Amino acid sequence: MPAIAKGAAIKLGYVSPQTGPLAAFAEADKFIIDGFLANTQAAGLNFEVVVKDSQSNPNRAADVAKELIVDDEVNIVLVASTPETTNPVATTCEAEEVPCISTAAPWQPWFIGQQANPGDPSSWQPFNHAFHFFWGLEDVIAVYTNMWQQLETNKSVGGLFPNDGDGNAWGDKAVGFPPVLEKGGYSLNDPGRYQNLTDDFSAQINAFKSGNCEIITGVMIPPDFTTFWNQAKQQGFRPKIASIGKAILFPQAVEALGDTGHNLSCEVWWSPSHPFKSSLTGESAAELAAGFSKATGRPWTQPIGFAHALFEVAADVTKRADPTDSAAVVAAIAATRLDTIVGPVAWDGANVPPFAAKNIAKTPLVGGQWRLKDGGGYDLVVVDNRTAPVIPAGGKMEAIA
Amino acid sequence: MTHETLSSSSSQAPAAASAWTVTTRNRASSVAALLIVAVLLAGIAAPLFASRSVLQDLFFILTMLTLAQCWNLLAGYAGLVSVGQQAFVGFGAYVMAASVALGGFDPVVAILFGGLAAMLLSVPTALFVFRLHGAYFAIGTWVIAEVVRLLLAQWKALGGGTGTSLPTGVARELPGVRLVADWFGVRPAQAADMVYYWLALLLACAAIGFAYRLLRSKQGLGLAAVRDNGQAARAVGIDPNRIRFAVYLAAAFVTGLAGALIYLQKARISPDAAFSVTDWTAYVIFIVVIGGIGTIEGPIIGVVVFFILRNLFADYGSWYLLVLGLLGIAIMLFAPRGLWGLFTERTGIQLFPVRRILAGGPLTKTIKGGPHG
Amino acid sequence: MALLETQGLTAFYGDFQALFGVDITLDAGETVAIIGANGAGKSTLMRSMSGMIANAAGQVRFEEREIGALPAPDVMALGIAMVPEGRKLFPSLSVEENLLIGRYGRATAGAWSLQTVYDLFPVLKERRNSPGTALSGGQQQMVAIGRALMSNPKVLLCDEISLGLAPVIIRDIYAAFPKIRAEGASIVIVEQDIGQALKVADRLYCMMEGRVTLSGTPASVGRDEIHAAYFGAHTA
Amino acid sequence: MAILALENLSKSFGALKVADDVSFTLEEGEALGIIGPNGAGKSSLFNLINGNLRVDSGRILFDGADVTRQPPMARCLAGIGRTFQIPQPFQQLTVFENLLVAAAYGARKTEREVSDRCADILVATGLIARANQPAGSLGLLQRKRLELARALATDPRVLLLDEIAGGLTEAECGELVETIRSIHARGTAIIWVEHVLHALNSVVSRLLVLNFGKVIGIGRPAEIMESQAVRQIYLGIDV
Amino acid sequence: MNWLDTIVQGILLGGLYALFAAGLSLVFGIMRLVNLAHGDLIVLAAFLLLVLVSALGLNPFVAALVALPVMYAIGWGLQFLVLNRTIGDDILPPLLVTFGLSVVIQNALLQGFSADSRRVPVGALESASLQIGPISVGTMPLFTFLSAVGVIVGLNLIFYRTGLGRAFRATSDDRATAGLMGIRADRIFATATGLAMVVVTIAALFLGTRANFDPTMGPARLIYAFEAVIIGGLGSFWGTLAGGVIIGVAQTLGAAINPEWQILAGHLAFLLVLLVRPRGLFPRALD
């Protein structure tokens, strides 16, 4: 372990949206980083983490990434949560030739979104310094269709994709939902990309009604989904299934729907029932979640596991390479084979198309449904694990009343 | 009050003509001219001794200063309070990105394209918003910027709403980067920073120089007249729209250049970022007003204050913005003419004087008081 | 007993001193004229008395009460109404609303009401619904006077009341003065037209460069004296 | 030859006619006075002549050319200068700069070329002591002088004066009359709207009476002042 | 009957925008104050409602009644203590101060309530609807629209039929001269802003029950509110309602063609109206 031999601290830079509209994603950052530092210190390792806030603003994200590299001279940049933060940071690291590990954004918006011409796959280039671990659209599609198969439907799907990083990727005619759904025998009714913070979804509702859609899917921000869902009810549109990304990721968002959140379904990246352990602390997923709730008094959320895993990977990489030698660090990242709290992470190209094989590592994904608890509040129950059987299912898919 | 007929003036006798002198210069401004030259030389040489992080800060300061001077030209001199300058930042940036990423142009050429495109955009924009006045104008420009943002968010080849990154090698293709890297023996990324910095310095100096020249010209005086009273300006032969149009176009051009340069340096562009009303207009307004609107010096002071605040508080999350907001309110309430205004009121010093002072004749004896009377 | 009086009144615009210790008095039922060359400080004096500008030093007393520190609305509520220089009608209010707004801060009952103001200036009744500023200058001056009367003031301050008016209207307006006085208001007028001023005033003050240089009754002061007071002894 | 000719000019605001078939000509170098009750449409007539208001019908000829559709700045450049009844100074510019800008644009010259003339005009209009102060700090009457000075600076061939003598003392009024006379003596044609009749009549050679937008009389001042209509509607002298 | 439905939904949406805009219109019309914090004030009011509903267990409509005087007081104080100092011919000082205020409110709410998106629950009313012929009209959207009409009628009465309204207009024309009429301009302005905050509270009620809100979502709606005010013409409340409806209908029609055009269509409608009528549909006679 060369760095420690020298006695100098290993400097990690970390960027996440701690304030602004995406702040919920970074809610656990302080808890995770405190835990990480305490743990590594106990193990005799000398880490320093420089934390920067992207303020949910892509301009700011690029600026702070530059600051980390130029002012703080960090050895590795870590970045998490939504393309609005991960992409500018990764782009900056790539230009500055500084190793970057990124997570918590589906890999297509991350990878394709950083290409000079996203519309032309033949022009896409792999990155030399930026690496990303998370799942991809193919996973969420598989999870959703698996869930849908559990119920009897007419296979007519309504799509709600906004014109943002996630929405464009999900709705993409080549790499998004449309081709896969078609293959699976589903018909997709996609009225088009709407802008975020839209106040009226009657156009979509009319389209879904006339297309007789029994399934609704999409990747929406919470206010938009609430607007849509209410308006749908008011207009008498009642699908059997609604599988929505992003909007119902956090329990608070589901609770904001009142009783109408029951049996909404979503992808599950991580939960306390995931059977994985931290390579740093040995804690189980359940223990990590409980620790967070205890320390902050807030319910667990999915990004916690990924924030933790990000630091696991960083710790692992610095064990295997001199942190001051960026080429060595990059090589070490590429060679990672680590079992983390979100599952195994390895940039081995498994289940990734060749163009992205170098930079993308995939983590398991399952499907879940929000169930109204007796005393109020919601539970997220894993209802489909065919994509990752190691993760236990807690129930079966149910239709919305 | 002695009465005199106009006959002497009508003949324009040379003797009478030599009795009067008109100056704008004062002692402070002559000293300032020296100071400015010194600062400029130091600025040009800065990359030789400053660290990368300082260069980046300076790049930020200089580009914001350019934007601030442009906005000041519009609001402070032409009375055009635009809340839509982000349209030109974003459009310039997008055209630059398209030229580089899709057209394969040289980045410096692409910056010029960005500026020209912003100027082109400003023509129809001006035709529309010049029919509006005051707050209507402000909101009109804002809406147009939104429209441009929404339209560019449909440009799928540049990533739609997601945005896109410039090709990774672009910084290294910047003319001179390789040369600088070789000469100074630095990494290409650092050499690129140096070139960006010089471009930003050039742009900022050009913006200030242009503004100052304009203000000291007949057109500058006409602009002030139009701002003060459009109807009276027309009655003395000034065409308000023509003069404003010219300024609007020029400001759009420079703003577009600045936008293109900023995003070339950031290497990543998305509609929400490039058309951010907060980053490219609200902060710019903040800078100008804090420093002192309607002066060349104001934006310079303002940008420095803004930069210091940003660095002091940036790591305090939402507290930073909270403090920034409170400070903006406080300065506006207690020093409405900005920090520079406060300073000139006390001292009478102006680094870039534009006021035409009449002297000579009977005036030499009777006139008292500072430049503001 | 003086109804309204100033003592040692001093006022500034920024660094520029516009009044230097002005003393004037207005007795109940009296009409006082203030004359002087332009820039002498007449309007400034009126503004000081009506609370529009703050006095740097000195006193303004109304009914034995110090009012120098009061802002304009409070002064108005006590019964001092002003017809400002340049009419200053409200463009978004109709003629009638312009009149009605005159009693916003002081709705005392008295001789003056919409009806009596319309009687005084019949042309206003015809244009009662048009915007105040769509009137000609003279009509606007009538509205401005009517507006001040609507509060049934004890003191009416009129600044340059005949400025820009056709002779027939000046005549009408000055013809209204006896009526205004008869209804119980004391009047201070600022007037350049010395002839007019001397006709209606009980007493007059002449100002020059921020100071009162002459005072007396129309009968007691001669034209030469006034001329001297205007331009100072050296040019007299 | 007529420098300015108005042909059947009409203008109304809704039901209110401010110019009703107005026709008259102004000879080169002539001084014409306009009187009329308040609201007769005198200032509106100026606004029509200088282009601030658009005519409803009729034509305006300046120096033989039809300027009816031209914007105010073009008419100023052609040689129509005016003052505003309610002064409209460029508040933040100094008094001198007010003149400078008017002269530079209105006479299409460079600042340098016009600066001496501007200074001389300031002397002639008694504003020289205020030359370097912001116009916003002037009192009302000084603003009126500035109006005159600024209009002069544009080097007009026809000068429209809207009530600039109101509120002057006798002596000041005399000075003003002298100034206007000397402007007139240089060959500038003048139209002067004024209620101060003795001043007006000591300058103008013809007088035009306007009432409800209609020309009800035009002729030598003495004749006009004696006419019954003027005595009734304007002077208020009962006959 | 899709077109009819689209238009009806657009009109209802316009009601919401008009409600956002009405308070702005009042403040803008009287003080020429471009209040960039208006959207944030609506969000602030929504959080106030949320607190009242969740902490005291009040029905949202009752909570709104409780919140009205509180918001009135906040508006009054804000205007009296802060904004009054910025009012003048220049539109910049208020622009900057309210922008600062917007930043302050957002971040203070973030500190206090975190970035979570919240909602004021109204139970079954949320998804209730009326079937009118072939069209189903949401009960809450209908309420929203009717409230907007009510607010507009009320503001019109106050503005054009009362002494207070005259004082509003007089002060808006000329502060100094209004003082001579016995009008205390600073209090009149404070009253106007207080009144605007009452409207803001009503807007917040319908915003908070309609969809999620979080501390940062104010500015996104602000631009529509401004558009509604300007389309309508300065000082015309009915114009503001018309403006809101025009934007709402343009948005739903645009979305019916393609959701990509939804927001764009609203903006384009705004630009189109101004192209034809630069001072809005119903401008006041003199401005």
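Going by the order they are written in, the chains are A, B, C, D and E; count residues from 1 in each one.
We take it that a contact is a pair of C-beta atoms (placed from the backbone, for glycine too) under 8 Å apart; a residue touches a chain by one contact, two chains touch by 3 or more.
The shown structure was predicted, so the numbers you read here are calculated from the model rather than taken from an experiment.
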For chain D and chain E, the touch-path distance in steps comes out at 2
Those chains that touch chain C and also touch chain B are D, E
If chain centres are mean C-alpha positions, then the most distant from chain B is chain C
When B-D and A-E are ranked by contacting C-beta pairs, first place goes to B-D
Rounded to the nearest Å, the gap between Cα centres of chain A and chain E is 36
Chain C to chain E, mean C-alpha position gap in Å, rounds to 43
Between the Cα centroids of chain A and chain B the separation in whole angstrom comes to 41
When centres are defined as mean Cα positions, the distance from chain B to chain E in whole Å is 34
Multi-partner residues in chain B (2 or more other chains touched) are 150, 154, 318, 321, 369
Flagged in chain A as touching 2+ other chains are 19, 163, 193, 195
Within chain D, the set of residues that touch 2 or more other chains is 137
The chain pairs that touch are A-B, A-E, B-D, B-E, C-D, C-E
Listed in rising order, chain D residues that touch chain C in their complex are 13, 16, 35-40, 43, 85-86, 137, 139-142, 163, 166-172, 195, 197, 233-236
In their shared complex, chain D is touched by residues of chain C numbered 13, 16, 37-39, 43, 85-86, 134-139, 141, 160, 163-169, 171-172, 192, 194, 227, 230-231
Per the touch rule above, chain B residues touching chain E in the complex are 75, 81, 83, 128, 131-132, 134-136, 138-140, 142-144, 146-147, 150-151, 154, 282, 285-286, 289, 293, 318-319, 321-322, 324-329, 332-333, 336
Listed in rising order, chain E residues that touch chain A in their complex are 2, 5-6, 9-10, 13, 16-17, 107, 110, 114-119, 121, 123, 126-129, 136-141, 210-214, 216-217, 220-221, 248, 251-252, 255-256, 258-260, 262-263
Within the complex, chain B is touched by chain A residues 18-19, 52-53, 55, 57-59, 62-63, 66-67, 70-71, 83-84, 87-88, 91-92, 94-97, 109, 113-120, 125, 127-128, 162-165, 167-169, 193, 195
